[in-house]
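Chain lettering (A, B, C, D and E) follows the sequence in which the chains are written, and residue indices restart at 1 in each chain.
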C-alpha cells in the first residue's frame, strides 16, 4: 500500500485507515493516520473521497486493508474482521440526502433513537439541533416535499442526533446558503473542540476545510498525495494549485493579549492578538484574554511596504524580513516573510517586487487589513 | 401579484415571469422581467428558487400567472395556455442529477439528439463539451457508478447538448471542485455573450452569481425582495446580509487601455484598465486593448489612505473623495468613495476611520491590490 | 331470484373464511420466499423459484392430487402433522385453505418480490449507519416501502382463493359446510341442467365480495404509495 | 416409460404455441391496462381494475362458459369477428390461446403495474426537458425501466397458460391436435384408469418446459435489473 | 376436413374404451374419429352453443335429454352404447367390519364401518352422474340417512376412486368398471340393479351431423361385436337393446 510521507501526527492516531479497493477502472489506495479532531478529505471530483468515506463507515468492504478507530479494529482483511456498519457507530451525512421517504422529518431525525439508549439524542439536543438547522417548520413534513437544502439539513440533523462515535460528512454544506453555513460551521467546531467528536469531512470548499480541519488529506486518483496537519498543508505552496491560488496562505499561532495595549480598543470592537510577529488587531471582542488561537492569513491579503506606513486604514503592520521569493510565471509572486518566529506569505506583483527592491534578507513591513481577517479565519485552539 | 419595484431592465424583456402557486404551507408568488443574458435566482434554502425554475420549465403548472419567453407565451392561466415541457426547449440541470440509470453516460448526453435535428448537438460540440466537463473516461459507464460530481457534470453536459432556447441551471456547480468550476464558468460566460443563450441560474455562491448574472433576483419566502441589474444589486449595502459581508462590493466599469502607460507593463504580465476613477492594474495580459469589462471590487479589499503611499506593494491607488459613511454596530464600517464618476466601497475599522479623520467630502486615496482582482472578478462586456 | 338459500350462505361464509385464512397464513411465507428470491444468493435459488411457480404451471387437478398425496391422512406430511400437532387437512376447511394458499402463492410471491427489487438499497445503508441492524432495517425501512407490493400480493392471493376450485375440490372434495366453497358450489350448479340461474347468482355474489376486497386494497395501496411517493 | 406418443407431442406442441401466442398477444393489452391503472385518472378506473381481476375471481369453468357465450360462433363478439375479419375462436387453437390469455391477464397486469408504479416520475420530467414527448418518454425511459416487470408479467402469463385448463376445455373443448393442450390431456388421462403413469410423464414434460421459460426470464430480468441498478 | 373422421364429444370416463374402439376403427381403414373428452356438462353446453361435434356420448341421460329437448341431437339416432354397475369398495386395511361380498342391503352398517371420522367417497350427488346414481342406490337401501354428511363428494369418478385407493376414505361407491382396476381396494359388492336407474351411456348424432355418414357409421360401430368386446373386457355391461337410453 502506498503510504505517503505522513507529516508529524499525534502519537496515538484517533483513526488509522489503510484500504485498497478496485471499482471498475478506479482503484482506491489510501492510507492515513488522523489525529483527533476533523480529518478533511480534499480532492477533485472523482478522486475517491466518497469511496474512502464508505469504506470507513463499512458501507463498502475493501479488498485489502485495515481500519481502526481509536484502538478498535473496524476492518482487517488479514484477520477477516469486518464490523457491520450498524455496529460501528459512525454517523454518515450522505452526499445525496438518503432520507426515509415514508417517514416524517421528525421521525427521520429520531430514527436512531430506537437503537441503544446511549446513541439516542435526548430531547434537549433534539431541540437544539432542530433550531440550529431551522427544521422546526418542517418537522411534520415528508422529505419528498422538501427543498434540496432542506433535505440536506435534515440529513445533517439525522446524523448528529445518532450520537455517533465518529461522524462522516460528505459535502454536507454544498447546497446550503452562506448564512446557514455560517450558523452550522461554529456548531461543528463545537463538536470538534468541546465534545471532541472525530469527524471525517469531505468538501470542495477550502473555506470549510481550512476552518474545520485538524488533519488534511489531499487526494488524487484514489491516492493521498499529501497527508498532514491542516496548517502545514494549507501553507504549502506546492498544494496551491489544488486549493486555488486565492485561498493560499498560512496559519498564524497567537494568543489574545491579556492587557489591551490601549483602552479604546474594546470600545472600537477590536481585539489585540499577540503573535510571534507582533500585535495583530481583530475586528471582534468575543475572545477571552489569554485564549490561544489560529489565524488564517491569505497570501493575497498581505501587502509589503518598505517601511511602516502612516495614514493608511490597514491597522496591522508587522516588522518582517524577506525569507524567500517564489518563482513561476505570471504577474504575481509569492514572497515568504519572517515576522519574528512566524512565517507569512504575501502575494504581490512582480512589478511591486522590483519597485520595492525586495530580496531575501531584506527588512520590510507586512501589512494586512483587519477586515481581511474574517470570523471564519479565526479558530480557537487549546 | 406582488410585483416588486423593478429597476431599469431592458425594454423588451427576454423573459417575463409572473406566477403564483401554493405548495402546502409555501406559496410562490414571483414576478420579474429579465433582460437577455443570465438571470440569477438568489436566496436562502427554501426560498422557492427550484419551484420557480420548475414553473418556468413547465414541470409545474402554477395556479395563476403568465410566463413568456422572448415573446412566446409558455403559460397563461387566463387563456389556459400551457406549453408542455418538451415543447418549451428549456434545458434543465436539476439540483439532483436525474440521469437515466439505464443509459450509458454517452447515451445520456446524446439523449436529446433524437428529438428534432435543430436541437441535437453535432459531433463538434459533443467533443467540446465532453472535453470541457472531463467526461471522456466516463462515456461508456453507467450513471449509477459515477461519483456525485461526475453525475453533476454529466447532467450539465446533457442539458447543454440539448441546444435549448433557454437553460435552467439549479445549483449546477455545487458539488464540483474549484478547478472544475474555474473551467466551466468561462464556458457559461461564452454561452451568455457569444451565443446569447438566456440562462436562469440558481446558486448560493455569490462568486458564481456576481460573475455570471446580468439580472439578479433576490428571493425570500417565495417572493422577490429585489429584482434588478446584477451590478446594481451587488453594490447595494441593504443586500449584504443576504450575500454575506465578505462578498459585499461594487462593480467597476472599465476598458483595457489602448496604449499602455509604460512598455514594461506587458512583460510584467500586467494590463492597465481605464476606469472612471483612473488607471487600475490587472495581473493578466489576455485582454484585447479597447475591450470593455466589468470589475468586481470587494469592499474588504479596498483600503483608504489619507495621501498616496510610496513603497507599498499595492499598485492600484485611486484619488477619491468620501461620498458617505455607513453606520451600524461592530468594529467595521463601510465607506462609500467616489473616484471620478465611479463609486467604490471600502470596509475599514472604525478605528482607522477615526485615525484618518474621514468625513463626507474629505479627499483620500483608495488602495487595492492587483492580487485582490482575481480572474473571477473580471468579466468582459459588450 | 335474489333470495339466497342457507346452503349458499354456508358456501359464501366458508369461501370468505378459507380465502382470508389462506391469504393471511401464506403472507409470512410469501414474504420470506420473495425476500429469498429478490435478495438471496444461495444454491438452489432457481429450484425454489421453480417450486414457487409450480402451482401456476400444473393443472389445478394435478396440484390437488399432489396435495392429496402429501397432506392426506396417509400422506407423509399429513400423517406427520396429524401425529405431532393433530392438524388434519383432508376433507377439512383447513385443507381448502391450504389448497387456496398454494394456488395463490406464486402470485403473492411475485408481487412482493417485484416491490422488494424496487427498494433502493441505499436507504437500508443509511439506516445501518444510524444503528439499525438487519431486522430493524427490514422492519423500519424495507417493509413500509414494499407495503403496496404486500397489499397487491395479498389481494391477488385472496382473489385467486375466492375463485380456486380445481385443486381444492380434488384435494378435499366438496363437503357442504365443510369444504364446499363458492366456486365448487357454482361448478356443481353449472354441471346440472337448469342450474344456471342459481350459478349466476352465486357468481355475482363472489364477484361482489372479491371486488370489495379489491377496492379496499386499492385504497390502502394508494395511501401506502402516497407515503413513499417522491415529490 | 419415456417414449412419447405422437398425440402427446401434438399436445406439447399445441400447448407451447397456445401459451406463446397468449403471452405475446396479451402483452400490449396488459401494458396498456397496467399503464391506465398505474397512471390514469379516469372515471371507471375501479371498474377496469375489477374487470382485469375477474378471471382470477371466477371459477375457470365460469370464465370458459362466459367466453363460449361471448366468443362462440353464436356469441355476439364471436359472430362479429367471424363476419368482419373471419377470425374464429370457437373450437380452434386460437380459442385456447384466448382463454389462456384471459386467465393470465390479471397476473400480467399486476406485475407490470407494480413496476410502473416504481418508476420515478422525475426521470420522465428530465426526459421532457430534453424534448421527449409522451411517447418518446415512455419508449426511452419508462419502458426500459419496467423491463423486469414486463418479463415477470410475461412469464407469469406463460406459466399460467401452460397450466390453464378449466376455462380452455369449457370454451373450446379438448379436440386432439386442435384444442387439446397439455393440461387437458393430463386431465383426461388422470381420469382414465391406469392413465396415471402417462399423466405423470406429461406433467413432467410441462414442468420442464415451464421451468425453461422461467429460467430464461430470470436471466433476462437479472440483466435488465442490473442495467437500472443504482450503485 | 374430409381426411379427418367425425368429431366425437365423449364423457371423460369412457376414454379408455373409446380410444381402443377408435383405434380399432381406424385400423379397419376408416378415417379415425377425433375424440374430445370432458365432463358431459361442458360438452353438452358446447353442443348447445354450436360446437362442430357430430356425435355426443354422455355419462348420464341428464344432458342427453336436455339436448334432445333443445333439438340439438338427432333423436332417431339415440342409443345406449354401454351400461355399468355401482360397486361398494373399501380401502385396503380399513372398514374390515365389512366382509368381501357382503349382502348389499339395508343391513350394511356403513356408518359404523366408516368410524368416527371416515367418509364414503363418491361423485357429487347433485351434479356428477356417479353421485346421482349413488344417492339413488343408497336411498333405495335406506342407507342414505345414516350417510348424509359422511360423504366425500368428488367432481369425477376417478377422484372418488382415488380417495379410497389412497386410503383417505375407508369406503367408496364407484363404477364397477373403475373398481376392477384399482388393485389396492377391496370390492365389497355390487349394488342391486334395481336400487338405482340403469347406468347407461347414451349416444346420439348431433342435429347437424344427422346426415353425416361417417358419424353414423362410427355410432353404429360402437354397438358392433368388436366394440362390445372391448366394452365387456373393461367391465362395462351390454346396454339394454331397447332404446330407453334416456328413460327417467
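One rule holds for everything that comes next: a residue touches a chain if its C-beta (ideal position, glycine included) is under 8 Å from a C-beta of that chain, and two chains touch if they have at least 3 such contacts.
In this text, all values refer to a predicted model and were calculated from it rather than measured experimentally.
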Intersection of contact partners for chain B and chain E: D
Chain pair with the most C-beta contacts: A-B
Distance between chain centroids, defined by C-alpha means - chain A, chain C (Å): 58
Mean-CA-position distance for chain E and chain D (Å): 35
Inter-chain centre distance, chain A versus chain B - centres from mean C-alpha coordinates, in Å: 27
Multi-partner residues of chain B (at least 2 other chains): 145
Residues of chain D engaged with two or more neighbouring chains: 61, 65, 122, 187, 190, 230
Shared-contact residues (touching 2 or more other chains) in chain E: none
Chain-chain contacts as defined at top: A-B, A-C, B-D, C-D, C-E, D-E
Residue ranges of chain B touching chain D (in the complex, touch as defined): 57-59, 84-92, 94, 98-102, 111-112, 114-116, 119, 142, 144-146, 158-159, 162, 168
Chain E partner contacts - residues on chain D that touch it in the complex: 61, 64-65, 68-69, 72-75, 90-91, 169-170, 173-180, 184, 187-195
Residues on chain C engaged by chain A in the complex (per definition of touch): 122-123, 125-133, 136-137, 140-141, 144-145, 227-231
Contact set on chain B toward chain A in their complex: 23-25, 43-46, 50, 95-96, 137, 141, 145, 147-150, 152-153, 170-171, 174-180, 182, 204, 206, 241-247, 264, 268-270, 281, 283-285, 299-301, 303-307, 309, 311-315, 329-332, 346-356, 367, 369-372, 374, 376
Complex interface listing, chain D residues touching chain C: 46, 49-50, 53-62, 65, 106-107, 110-111, 113-115, 117-118, 120-122, 148-149, 152, 156, 159-160, 162-163, 165-166, 183, 186-187, 190, 199, 203, 206-207, 210-211, 214-215, 218, 225, 230
